[in-house]
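Shared between the two complexes below is subunit A, which has subunit B as its partner in the first and subunit C in the second.
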Partner chain A sequence: MTRKDITVAYLARVEGEGGLSIKIRDGAVAEVKLRIFEPPRFFEAFLRGRTFAEAPDITARICGICPVAYQTSAVNAMEHALSVQVPPEITALRRLLFCGEWIESHALHVFFLHAPDFLGYEDAIRMAADHGEVVQRALRMKKLGNEIMRIIGGREVHPVNFRVGGFYKAPARRDLAALAPELEWAYGCAVDAIPWAAGLTFPDFEQPYEFVALRNPDRYAIENGRLVSSRGIDAAVNDYLQWFNEEHVEHSNALHSVVSGRGPYHVGPLARFNLSFDQLPSPLQDAARAAGLVPPCLNPFKSLVVRVVELAYACGEALRLIRDYCPPDPPAVDCRPRGSTGHGWSEAPRGVLYHRYRLDDTGHIQDAKIVPPTAQNLRMMEADLRAFVAPRVDMPVDRLTWECEQAVRNYDPCISCATHFLKLDIQREG
Partner chain B sequence: MTVIIGIGNDFRGDDAVGLIVARAVRARAPDGVAVHESHGDGTTLLDLWTGVDRVIVVDAMRSGCSPGTVVRFDGLDEGRWPDGSPGALASSHAFGVLEAIELGRRLGLVPASLVVYGIEGASFDAGAPLSPHVMATIPAVVDQIVAEMGRQFGARDSALKDRPA
Partner chain C sequence: MAKTRKPTLAVWKFASCDGCQLSLLDCEDELLEVAAAVDIVNFVEASRAVAKGPYDISLVEGSITTPHDAERIHRVRRSSKLLVTIGACATAGGIQALRNFGNVKEYTSIVYASPQYIETLSKSTPISDHVFVDFELRGCPINKYQLLEVLGALVHGRRPVTPSYGVCVECKRRGHVCVAVAGGTPCLGPVTNAGCGALCPGFTRGCYGCFGPKPMPNTSALANYWSAGGMKRLDVVRAFRGFNASAEAFRRESELHDT
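For the complex of A and B:
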């Protein structure tokens, strides 16, 4: 048997600690493992015994990039448990805050974390010397996202204004209106970046994905929806666990999710784009088509272009929501505890984020379950790597390693979320 | 304009020291000096210091010195930073002080003067109090920063030479 080992110590530009090992034996991929050694964080355990009202602030601490997604999924689940309906003004304000998080997260991933892969730089700092304007624009967009978070959420990270039933305080119309000029700039900037992103060179690679994302009848899904897939899933939130299974694997401190009886699936921007392209405003559909991006897009590397489209969408949607803003009065709906189980989800920047809570009669949490997007994508990432490496086993080691790292970053994995995940170790034989 | 930026996390043991120093300095800061508390997000740091004449950053550090050791140095002096190279952007979440300075330098988004006070921590455990060595060093660091604020500002002046605090 011939064998060759490739080892990379640490996979950069992802959040959290994990590694990747690929073994190639006699010219074939023998094993692909995403090893997640970031320690488990036990959030589900220490939610037990806390009150329903504490869940949004506790779970927000799972992630510094997508706290609004955690808060939204938590309040959706709690409001489901307590049979609370919030008025459309509160939903709209949540969606606006969520747009801020998408802007922040996508701007950072596209321009800081993923673009260096395609432009041939080790990181954004080195990229900045040659592409200063791109980096400056990204910084300005991220700052805008932060500003939306600050005005609505009370601070830039881990917002404090979010509660079950609504908000503690509704922001003033004039404070939100002040964001409009910068959002108009950001929208134009993101639309202009679509052909730029589409012009990058992407590896020739497609996968027969089952895409899974939320979908709404009337708007691109962000803060809620039904769950749909490209292979026929159409589920209400309380049916989530009937469709999906979490499996423990020895090499990972994060669970792997699969579609029960079927296998891995793909959540995130590419899934949303493919399943809800028709709900993007027509100028953005046209801009995507003009850049050669049409559903179904099966090349995960092009998720970068999709993120730019979603970045533009989030800016445009935020503008619309600010224009139509009507401060919710009162800012929150009264919520009374009762014994019940609630399910909630939302579209975090990295994909569907599911929460389930079982409450006792006094509203204390008896049991919590949180399924973050990265855990749902882990098995798919391994499948991508296996399929990606197979026809490339003769590629020079350095090049292959570099492209495998990119393949992982397609998912913008958040290992910290997944362990509520990367070092790279490719072994090649043959 | 002078800006003081204390960086840290109140809930992670000695990591809180930058914030605690900033709060004490704020109480004694003259007009024209802005004091900010930050959790250390690099993009926010770039915003806080771009266009500013003089910036003093206070942060906990983990360099292998004995706990409570205070190091004061010119943040714009490349040779002063660990291994002298730009830090890899290793994480979407941890774009910190070093990365902000390196990126700012390439983009022309650094202040005219940037002094860094690093205070060696002993424990960064969640929920831990400040360790005694770090606690003991706070008054002297505050006094030194207040004295520095009062000095006539001169960009990259001789006071920026490294010296133990």
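For the complex of A and C:
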């Protein structure tokens, strides 16, 4: 028997702690495991007994890279539970804050975490020696995303201004307007980067994915929407759990999510792009087409190009929201506790993030459930690796290892997030 | 003293959200300069190139929550000349230290009923409970300018300068209206260490204690003030049980009211 093992003890350029092992026996892939050893932090357990108002700040701490997604899903769920409707000015400001997170996260992933793989560098700092301008521009875009979060939220990691019902304080119009020139620059810069990204070399690899993403009737979904899939799912937020199941596997501190009775699915930029391409502004549709990117795009490595398209979209959308900005007054609507269950979701940079809370009459959390995007993608990531390695078993181990890492990074995995809901399993067993 | 090489920097992660190490990448204007001043030789979130120790400076994010990590932190300490903890998880156990309270026994038995989780300790503890720490940087998340100050200081061989007073001082300096006195909003500012720039009062909300207790905080006076104003006992407990719940002063005060 010929044996070949690919082992990555500690996956780099991902958020959180995970490893990878692939066993090849007699030229065939015998086993693929994404090992998630990020220690569990038991968020759903200690959310019990906290008040509804605390959920956005507490759940933000699940992830330092997408705190706004956590805060948004949490407030969506709480407002659903409390039957609160926020006025459009508040929704628009949340969307703007969220655009900041998309810009920051996508600029980070595309240029710092993923592009080095395509260009053959260990990291962006080494890449900067040869591609200084690309890295400098990326830093400037990333900084702009952070700046949006800082002005609206107070700081880039774990913003403090988000609350159930709205905001503590609406930012001044002039503070936001000051961002417009830089956003115009960033929009142009991101649009220019689309052909650059499309010009990278992509492995020949396509998979028949079921794509799952939010879809909003009016615009490219970010802060809310209905859940749709490329195989017919069309669900309101309270139906989420009817469509999906979580399975426990031994080698992972995170549960694997599957479409009930069907199998793994794909969330994130590629899913959003394929399901809502028609909602991108026509100049961006044209730019994507000109770069050879048309839906359905089934090559997960091209998610890098899609992220650049979304980066441009988020810059343009932020610009529109700032031009139309009308400070919500009052900045938050009144929320009265009542016993009920609320569901909420949003499109984190890496995919759908679902929250559900059961509240008692005094607004204290009885039960919480959080399904992060990376947990939904884990099974798909393993399936990708299996399919990717099969025709490449004869590649040198070093090269194949690096390409497998790259295949995992297609999903911009956030392993810290993925781990935090394993506690659900514990509670069922208790 | 002639420098023959740049100091080496390693970044380590334990139980955490990654936000504090992300703060290093969030230094967009300074990142390339930092990379020029120190050799970032082990930073898994940013690079697949990892060099063996020893390291001149180690930044440690996260708390200790597993037996494996309780061992690993000793290896990190042994390979580091200077060890700096970054953030509330590493300096106080973080939000996950909420497991240290109340129903620990019940909770642990639930956890240990499942063999997959046998690797989980019943408590989340700060790095300083396990090894000697040269410098602690507070915050949930840390302030990235304080991180730059620490790196700059260590590169130049001087002691980092970070505030050792309360949020109230920062708040007054910024000219915010006091949310506690003028607005009747519960605020942890009087007992919380400065570092964030009094962010929350600037947004008309009360401080919720991201930077942990300041030196010699009078937590009892604050709790009594709240209680006299009609705050419920469990709300007092919750106020002290946030992202620095296991920091000594906050832990003690919350336990006094958790009866």
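Note that in this section the second predicted complex is superposed on the first by the 416 of 430 C-alpha atoms of A that agree within 3 Å, B and C clash if a C-alpha of one lies under 4 Å from a C-alpha of the other, contacts with A are read in each partner's own complex, and residues count from 1 in each chain.
Here is the rule we use: contacts are C-beta pairs under 8 Å (C-beta built on N, C-alpha and C of every residue); 3 or more make two chains touch, one makes a residue touch a chain.
On a predicted model such as this, the values are computed, not experimentally measured, just so you know.
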Partner chain in contact with A:213 - subunit B first, subunit C second, else both or neither: neither
First, second, both or neither for A:128, with subunit B first and subunit C second: both
Which of subunit B and subunit C A:378 touches, first, second, both or neither: neither
Partner chain(s) touched by A:314 [first = subunit B, second = subunit C, both, neither]: neither
Touched partner set for A:41, first subunit B, second subunit C, both or neither: second
Which partner, subunit B or subunit C, touches more subunit A residues: C
Contacts of A:64 with subunit B and subunit C, given as first, second, both or neither: both
Touching partner for A:109 - first (subunit B), second (subunit C), both, neither: first
Subunit B versus subunit C as contact partner of A:168, first or second or both or neither: second
Which superposed partner A:143 touches (first subunit B, second subunit C, both, neither): both
Common interface residues of subunit A - those touching subunit B in one complex and subunit C in the other: 10, 12-16, 63-65, 108, 112-113, 122-126, 128, 135-136, 139, 142-143, 146, 156-157, 416
Interface residues, subunit C side, partner subunit A - complex: 13-23, 25-26, 28-29, 31-32, 35, 40, 43-50, 65-66, 69, 94-96, 98-99, 107, 110-111, 113-114, 116-117, 119-120, 124, 140-141, 196, 199-200, 202-205, 208, 210, 238, 243
Sites on subunit A touched by subunit B in the complex: 10, 12-16, 63-65, 105, 108-109, 112-113, 116, 122-126, 128-129, 132, 135-136, 139, 142-143, 146, 156-157, 412, 414, 416
Subunit B - residues contacting subunit A, complex: 39, 41, 43-44, 46-47, 86-95, 99, 102-103, 106-107
Residue ranges of subunit A in contact with subunit C within the complex: 10-17, 38-43, 45-46, 50-51, 54, 57-58, 61-65, 67, 108, 112-113, 122-126, 128, 135-136, 139-140, 142-143, 146, 154-158, 160-161, 163, 167-169, 248, 250, 253, 402, 405, 416, 422, 425-427, 429-430
